[in-house]
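Letters A, B, C and D mark the chains in the order given here, with residues in each chain numbered from 1 onward.
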């Protein structure tokens, strides 16, 4: 597939995700970690305008200089950003304006790409832009779920949405021998800077489950009083549980004694055989501790992953998000991409049911603060 | 004008106010004191549904029971309210849904009013509903100004909006003699419970300005360092200035040394001869103190008002918002209307350029917390 | 009594109040409204050093220039003050150092007063200093109660402390006729600037109780669910109750179904016949509302006070703390004394069992934020 | 040395540390991470009472059951703890009371230890108690520095305190080859559970400095605008710098253009050749980033440490505080010791000038949140 086709495909998928939305759904920001869908579609557009069109396409005319201010995210190099908590206050530019901006940039991009003569540097930026947009596609889907799932009317996103089912293995834990292993990305194709370089690690013998924890299993933890027993929790997790009065995964509602769950189809009774999701690292850790087990490290996960089915849930690991040996930031704004978040976050491995197709890799390192739950997170046990 | 005509007129004016809005403008809530326009048009509709149609119109079918939860405001008697800070998180019901709700209730109201046979009790509730909606019309206009005026694109609400000009009197301060005066509402027509009962007060001799303070006059205070000299401020006001880094009235922007002002027409250079507005009580007090003068009490204002022109600005008074002698709350939810706010707020007298026509009275008592500025507030001096 | 004797008497009473304290009790500040006792004894000393000795006693050598920074309170004119919330962090100057400072200033004051030749201006400042110290004596006693009463060991301040008993009148409510009355201070002797000037007010007919509300009466309100029924509360009061989970007056503890009360004698079973105390304005208002009555205004109180016994409790009034007609601030730091607090506070009238002797007046205006409870506040009903 | 002698030695060292304190210094808690010295001496006493005397010494009579509540720290198993932020509010028990408690427990311990017949389990708990008290000795010294160093009078702790000088190596960076290394504790003697087990790790080739960064070197970073350039900082670090207006290490004061430094001797001009201290992980990382270098991981540090001089500063590493392979919590309250903090913290290696003698080990893992600065932290660079 040539670059223009790739561009078209990734851009159209973003449009398709937004298709079921009402105009109003594009605007709100119920919590700081969720961005308004309007912002996502503006920001991914801004990325191509800022890093491709403006520096490399001589004939390009900027759409509107104010948009740099509105749709910049964390790239401090490029200009003043809209304070993140303020994004949900902006009724303008309207959705129509943002779509006009999107079309304007797309048209320019098609012209630019039609010129041919794309240098390897620019191609690298383009591929980064595609991957960046794919990341925002997943954020769009989880942010939309948050926006609709926290509305008292519990509107469905897609009445025909089908959650993929996990493959269940009846085999026991997978055992991996002690020894030196190689982890990290190497080879052709795209990878983020945080996956580089491929390097050796020494692992002790360990065992890892071929299956993710299910709702039924997690319910046992709840029913056993797991949220009320400090012994299973980190000190910070225990504070989090008590401050926020957490009693169950996000989107679970106990209505008259029956557990329900908000899904893309709306509010439903809880499906016990589905794999549990929307839990924080603190909950994943506490569940593992209650079972007398633990979470795998990211390297254990990477080494064992070829032996189990993965891709439904972002799986919390015990590993902190830290640089690999030899990690180096790219110069300029692009270099702000990953390295600046390498403190205080946990690594998640795998992918989720809403990760964009072809966006998964066994070396992929996702990362979030330990209390966040709005992604499709899950639990795999190790010992 | 009969009741149905009155109903129609007040409801249509709300629609007219919203006419220049984009869908997105209906949704956001940039600060807790501002409500999304969508909420105002739902809430004023909910008022008629809840207090007229449901109790008094036997054939009425509730539009949607969830809407009571969404559009209730502070009426704790009637059901769980949406926490005020959450209003801006709600993308649903959509604007179209809310307008459908509005039309549904309007149709039912016209049917109800066409029946004739409106009891005096119901008529009283209707008139309260009209006045309630007129209050929300003013809030709509000031909330819209806040939403647009805090957007980095500074969109205009109405390019042809004309600010009314203040009548300037060259006469000096008006002198009022010491003695007993009557204040408060008495007579025919509508008044809020907080204006009752008419009662005697004793006033010392005082003088009051026939004019409101202008931008030019207020600018002298700024240029004299008024925001940096604690002696003019209440302790609470001084904390407010410093915590919020206040340096000028709301909507003033100093751009390259030139003062600008966001108005309904967009960003403009400051008109020096206009009367100052969007200042807090703390600022009004500090300005008066800097001039060696003071603000009038609400009773001084009421007694002197027939001798000057008023109605452009809500004029901060020195008076706290307290019950009049013999004040009694109505029973039930309607009784929550005013009395529960009678602590910690200041009285404003007059009306503003965006007060609904026929909604002003010389006995009208408006009230806000001393730090609030998003209404068209102003300053009249006394001594 | 001459000025030196007055000085000695007031200064010795402060020492006597502190006599039962351990060194550690002088240091802590459990909440922002409570000051460490060490600070009170330093601050009252600083007052005489700053306003008498330094300007008027030529031979005086300042004790330590750092102390101005440490013991200044809200007098912004005089220098940088220690941020109020930081007072409890200061282990130095030690109690011994502060007492040395106190003795040093006292010795200088005796020398100064022995010179004779005190000008009327200085005498006025001296009398202000005596009254200022008497105010701090009451604060010392209530702050000490807070410090010891919030310690898990519940130490007694004075095992032999005897609470004065209220005089109970069996007569019904006292009726006062409509008409013009004079209120405010006039005459010989000391008064604060906020009591001036004596002026006329017009009162409607009202009735006022000769008795304060008792613990037994207040308990009925609690048992009737008063803290759980929003109808009795201001909106701000209802928020306060829920945010702080308030269920009873300060210092009440329900232990195994039996109400206890921390007093200067330590923890005791609740005395039902004592007059209730340590309640906020919000609670006083809610109690009155539940009884179908109201609180008096400060002018009603002042006019009726000669007909009932008062002085045990600071009685919350319905009046906001506002300037009297003709109120004018003194120039300089002394002028910061009262006027800067005239927003957002309620007036309390009377005095309490820990008010300094001879510090009470029928025109005295005490004032606090409506949520504060650590003073000996109480309730008198009106209608 | 027998156990009784060990006990005596460790307990006397705590007393010696407190010797220069005034009573008031024992009481205050200026920030949540600092505990009042009184609490440290009570808490270390409570440890021996709770874990040794009560379970193992039959004739022991508890000193005061309330003290369990007051001096418990994070041991949720043992009873309700005093909320950490409240410790500075407690004037009682007094310092004399706490010393009486300390003597009571010491006497009982000497009797207990004189019995002989100490089981290996109890001996293990005793040694844990000694190490626990040594940790609190270091906290005492750093908390005292904070209490005195944040007092506007800047009192000295010890006028004769001598800071140890760092040994300076003129050699360049030490190079360590790629390969498998063993890390973690193994062998005789005491170690905390978090140092176990000794295990293999694979390290890439790296280089590490033999020297700590000096004040002079750090000043270059400041003078180069390091605190104002977001590119050197983590996103969380940049927020921390801006929220707290951080401009220099803790205890540095720029007075009239000259840098000063609060030390145990009081305020002094900054010694440029001393090694920098009291910096956060964020600052250590930013400094390294500005130099184009990085911090070592804890395993790099442990492997290289035999080749350089260490022990003056707790050296921030790039490693997050995580469990070693096979880490298992001890059952019961003792098991709460370390594992519950294994999220969100960074590892520091080495020891500091105020670490208790004989308390250092090459395998020792200290850990703090990345923003904390009140310990004697420092920077060693790697590449």
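Everything below uses one rule, namely that contacts are C-beta pairs under 8 Å (C-beta built on N, C-alpha and C of every residue); 3 or more make two chains touch, one makes a residue touch a chain.
Chains and their UniProt names: A, B, C, D = Ergothioneine biosynthesis protein EgtB.
Source: prediction; values computed, not measured.
Taking the CA centroid of subunit B as reference, the farthest chain centroid is that of D. Inter-chain spacing, taken between the CA centroids of subunit A and subunit D, is 37 Å. In terms of their C-alpha centroids, the spacing between subunit B and subunit D amounts to 57 Å. With centres defined as mean CA coordinates, subunit D is found 44 Å away from subunit C. Shared contact sites, meaning residues of subunit D that touch two or more other chains, are absent. By the definition given earlier, chain contacts exist for A-B, A-D, B-C, C-D.
Interface of subunit A with subunit D (complex): residues 74, 76-77, 180, 199-202, 204, 206, 230-231, 233-238, 281-282, 285, 294, 318-320, 322-323, 325-326, 340-344, 346, 370. Those residues of subunit D that touch subunit C in the shared complex are 22-30, 38, 66, 69-70, 82, 86, 88-95, 147-148, 150-153, 155.
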